[in-house]
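The two complexes that follow have chain A in common; it is paired with chain B in the first and with chain C in the second.
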Partner chain A sequence: MSIEPTLSTDILVIGAGPAGIAAAVSAAECGRRVLLIDDNPQAGGQIWRGTNIDQGPVSARGWLQRLESSNLQHINGCRAIFLADSNLLIADLHGQRCAIRFEHAILTSGARELYLPFPGWTLPGVTGAGGLQALIKSGLDVSGKRIVIAGSGPLLLAVAATARRASAHVLCIAEQTRAKARRNFAFGLWRHPGKLTQAIRLRAQSIGAPYSADAWITQAEGDDRLAAVWLKHGTRHRRIECDLLACGFGLVPNLDLAQMFGCTITGGAIAVDKSQRSSRQNVFAAGESTGIGGIDKALIEGRIAGFAAAGSADKAAVLLAVRARTQAFAKTLAKAFALRDELRTLATPETFFCRCEDVPLSAVRAMPNMRQAKLASRCGMGACQGRICGSAAEFLFGWRDTASTRPPFTATALSNLISPSIEASQK
Partner chain B sequence: MSPLEYIEIFVDESAHRVIRGNTVAAALLNAGVIHWRRSVSGQPRAALCGMGVCFECRVSIDGQPHQRACQIVCTPGMRVTTHVD
Partner chain C sequence: MNPVHTRCDVAIVGAGIIGAACAEACAAGGLNTVLIDADFPGGGITACGMGHIVVMDDSAAQWALTTRSRELWMARATSLPDNIEYDACGTLWIAANRTEMDAVEEKAAMYQQHDVHAQILNSAELARAEPELIAAMSGALLVRDDAVIYPPAAARHFAASAAVLGAVMRFGQRVQALEPGRIHFADGTILDAERIVLAAGLASNDLLPNLPLRARKGHLVISDRYPGRVRHQLVELGYLHSAHASDADSVAFNVQPRRNGQILIGSSRQFDVTDTTIDAPLLAQMLERAVGFLPFLRDVQVLRSWTGLRPATLDGLPLIGPSTQHASIWLATGHEGLGITTATATAELIAAQLLDRPCAIPAAPYWPARFAAEPTNVAT
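Moving on, here comes the complex of A and B:
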């Protein structure tokens, strides 16, 4: 049997988004051995995906340069798959198993989008909002394409900006939140000047893309691809022909890693103390996975976690006030973009609720919880392991037992799992 | 900024020129492939999340099935096979 590479490090950071990069760089600056891994082909996470180190926004450039010049070890295309013991992680590195021994781990697994089922949501041409942005950043050519952006949250504006820079026609941005709530959000931003300027810049870039608050998707039409969408705006219905629909209803923390490490999860996010330490003594967490709050929160929490894991709590102490501000902003954000009740009734009984196993809403709606729904219908048991429908179920039905992905939580070659003793196989 | 560099990949045996650095999902869509999988009940599907979460973008790459097209960057001579599961 081939011997898999075994790596060893003081501090293992999982997820190379802003939080992970800040954590890794900060810990390395304290003189610790640091290994940063990420599933993606490139570092940068969601926001800095595909950012060229010589271009891109200043903060992205700064951090990516620090990452490059830091003496930490950094591996892309490497996905955490299971924890063999509290200090040994098994990862999939380009289809090969690799074992990583570590003292402390920092979980910076970020967030994913919330998708809600509506008629037509499985049609090719319907993507997530951030999903479309990620595809554009990874090379999708949208020039001349007619795009409708729908859902909720500041991300919609960022997606519009990306699409327009790539020469797409953004026909409409439909934001479900009530106009009043969004004004409050804009007002609340004054307490967070960095955010305000970002919002204005994004808004300015997306000028020309009609923006409607109080508007939401009700249906997507097409045969084997998207042809048109229906929006509801207040009490009016409107049909718009388009090539692409980019639709996301905000973000939800990725908790798979936290579950794998046995960390306590509270209110849908990894619970951490003041030094970003989780309920597990040697495990820290930072960024969107400890609560949705955007880039500033991710960076500051990442730095605090990096310093704390490296044993330099004094360096973290001066950052606490800034963190409190970014966390307050996160609360403002959640309130301003709370999802309206109408979104719970978009799907018809025939609409697929679980798109991996093609389970219609009618098969699960009467169930008391996710466990029962799985047993009765296979919903949540397909390739995504309930990541898409589980998050939807939390919003639609209030189910709380949806975070049930088990290691290995993404499909991985069986050969990566069969050897029971990693240490033994090295001898 | 460095000029764009092109490489060649094969999608179901036909050759396509793609920009170096593009993911397989972007390359498929740019090549006019609208969907590249059927769901368990036979519906056409393509990329949803673009970030490795939903598994809707699965293809076979160089004989390896169930690869997420959105997470894999094209390499010269890569062979992508659609509609394998």
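Moving on, here comes the complex of A and C:
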């Protein structure tokens, strides 16, 4: 007999970003019982988090309002921890363990940033690009601070816009991709009007911040915190003194949940069929976790997954053409921002490869694969469990960290792994 | 196709901590040695263990093997590379009540009689030694010279040191079959070896059927860093007696401080379970038991859990010596939950016997022949 608080639902949606919101709202519209959980205090995911429902961008407002008025159950501060059986998820709800029984699951756990090691990347003052954005959104004061933004992808512009709105001096945006690839990407945008307006708006807001393509970080300098960065711009080297460096090399899908559910992963993303169903019969996936493609792809895939999980695949049929366009956009995006080879050789032998366990590059470079590197050097065994260095190793060495599907998905209080029924029986 | 054909004195199949240590000892003894692994050194069960180097006294033979092993570890402790993380933190065997305290006293007397350092701590001394432990404990036995290592690095080091001594490494090469004097690899190649030492852990059974081996599954959980909160390897004394002694599933309090401040939490035992998935209810029971002794653990962040299958025998002692099937095929396996500790004396025993030299401890208690009189597959 269990005394554990247990929720139960037809459809469980994990992750309340655009994909999860669209999935949950769509499934609920079909009359199914839906539970949407997210580990953050607010819904919205990476892009809409902190959006004021009365003021934000139109599409954000629209979806957040639909979420509010939908009769689905929606719980924030609830993090999936492990799967007790194929229909029972254990979650951490505000620090308390709770169990969730479900028929179908929709995984919309988004993406995380790719960080690559370079000399100085662990200095205080160096953050992820999205990381800085999140810090600013949650109240970090950057007014008057000199910031360099470097790395790759459209996210750099979004970060610049956020930083400027918070009165920071954005000294430079260094985009590693070649100017030509980026121009082609910009032309390609004509086929995606939604994206174009977003891109232009972001560019406009970041005006005044010099934007360089063909430029990438080679080093961050400073004694006990960041003092300056070195950029390579084509063939030239430049040193820029600054207070903060925000650096991200694009996004990689979050796959931990999918691995735990036993879903097939292909090409670094959750494999899904045309109704967004994974290799597991009762598990669907949508958004960045099925491949990086941005908000439009997340929304359309979320709707399709929601309808399909609710058993209304017919409603999804009309959306397939739009999805095909967003997926084509995702391909263009990947091509336009493909990472240059030079980024594979930024780190020196002494540079930390695994920042959790202080493992230098020299300790892993000669290894044939991630598992062997891990066991020999303890890289990837620390707090982040290889999320950072594992993704970096994939780019740097072509290593795939083969499924590590053991509970918990993410660090959690030990008490969350103890089931209350056992406690009760021992008392 | 013309298979590559080579010869050696001794071929060791399996480069876990046992096989790697044997290779080092054989090469050091001047034998022409080949060390083989389907994968790489230390990637098997050796990568799943706790790395507690511990003296145990369940039987005279276990005592002899573990004390000799620990002596050998201590003798080379200062020359081990830093990444083996040798930490002589000692073991505290925790007595929860008066009866267990009696056992502590018996043990202390026995250890001291054999010149093994052991010290009785009363309740107050224990509280000072481990402030996080619940106050209700009666006391403990401190075994000062027990240590903790990082096992996969040790296996790697033994293999590397064997190579320096002239042993040939053949990693990434699976052995398909054995016959006296000859090893057949999965890729079709052949290696002739005067003697073969089978040290393939549980998989030894695939190459030499009907070994008296069975799996004994264990769970472990690792936390984030909490430096200084746990100072010794902590084991409940009940571990020796009650639950773990039987064939039923059991858990016991067994917690280890890692050098970087992480805390490794065990342990569980399940016989003849061969799937390596996490058993959530058993894991919960194991953690609940640990929290019962160390309440602060309830709130630590845990990063990961995993399982491993210990290669166990029917009498709790390893198989070290010639197999009953073929005199030239030797065994070095079945070390169950003590293989990290006993790798050193196992290697010493194997090398001494292969070289016809005197052994530091009597070798017969570990000979596989002890099972010959019994039906081999009692477990089924």
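Methods note: the second predicted complex is superposed on the first by the 413 of 427 C-alpha atoms of A that agree within 3 Å, B and C clash if a C-alpha of one lies under 4 Å from a C-alpha of the other, contacts with A are read in each partner's own complex, and residues count from 1 in each chain.
Simple rule for what comes next: a contact is a pair of C-beta atoms (placed from the backbone, for glycine too) under 8 Å apart; a residue touches a chain by one contact, two chains touch by 3 or more.
These figures come from a predicted structure and were not determined experimentally.
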item: Partner chain(s) touched by A:Ala383 [first = chain B, second = chain C, both, neither]; value: both
item: First, second, both or neither for A:Arg371, with chain B first and chain C second; value: second
item: Touched partner set for A:Phe82, first chain B, second chain C, both or neither; value: second
item: Contacts of A:Gly128 with chain B and chain C, given as first, second, both or neither; value: first
item: Superposed model, chain A: greater residue contact from chain B or chain C; value: B
item: Which superposed partner A:Arg225 touches (first chain B, second chain C, both, neither); value: first
item: Chain B versus chain C as contact partner of A:Glu342, first or second or both or neither; value: neither
item: Touched partner set for A:Asp273, first chain B, second chain C, both or neither; value: neither
item: Which superposed partner A:Glu357 touches (first chain B, second chain C, both, neither); value: both
item: Shared chain A contacts, counted only where both chain B and chain C touch the same residue; value: 357, 382-383, 411
item: Complex contact set, residues of chain C against chain A; value: 40, 42-43, 47, 83, 150, 152-153, 156, 221-225, 260, 265, 278, 280-281, 283-285, 287-288, 291, 297-306
item: Partner chain C, residues of chain A touching it in the complex; value: 82, 84, 357, 371-372, 375-378, 381-383, 385, 404, 406-408, 411-415, 417-419, 422-423, 426
item: Chain B-facing residues of chain A, complex; value: 39-41, 46, 50, 52, 54-55, 95, 112-113, 115, 122-128, 130-135, 138-141, 224-225, 355-358, 382-384, 387-388, 410-411
item: Sites on chain B touched by chain A in the complex; value: 1, 18-19, 21-23, 25-27, 29-30, 34-35, 39-41, 43-56, 58, 64, 66, 70-73
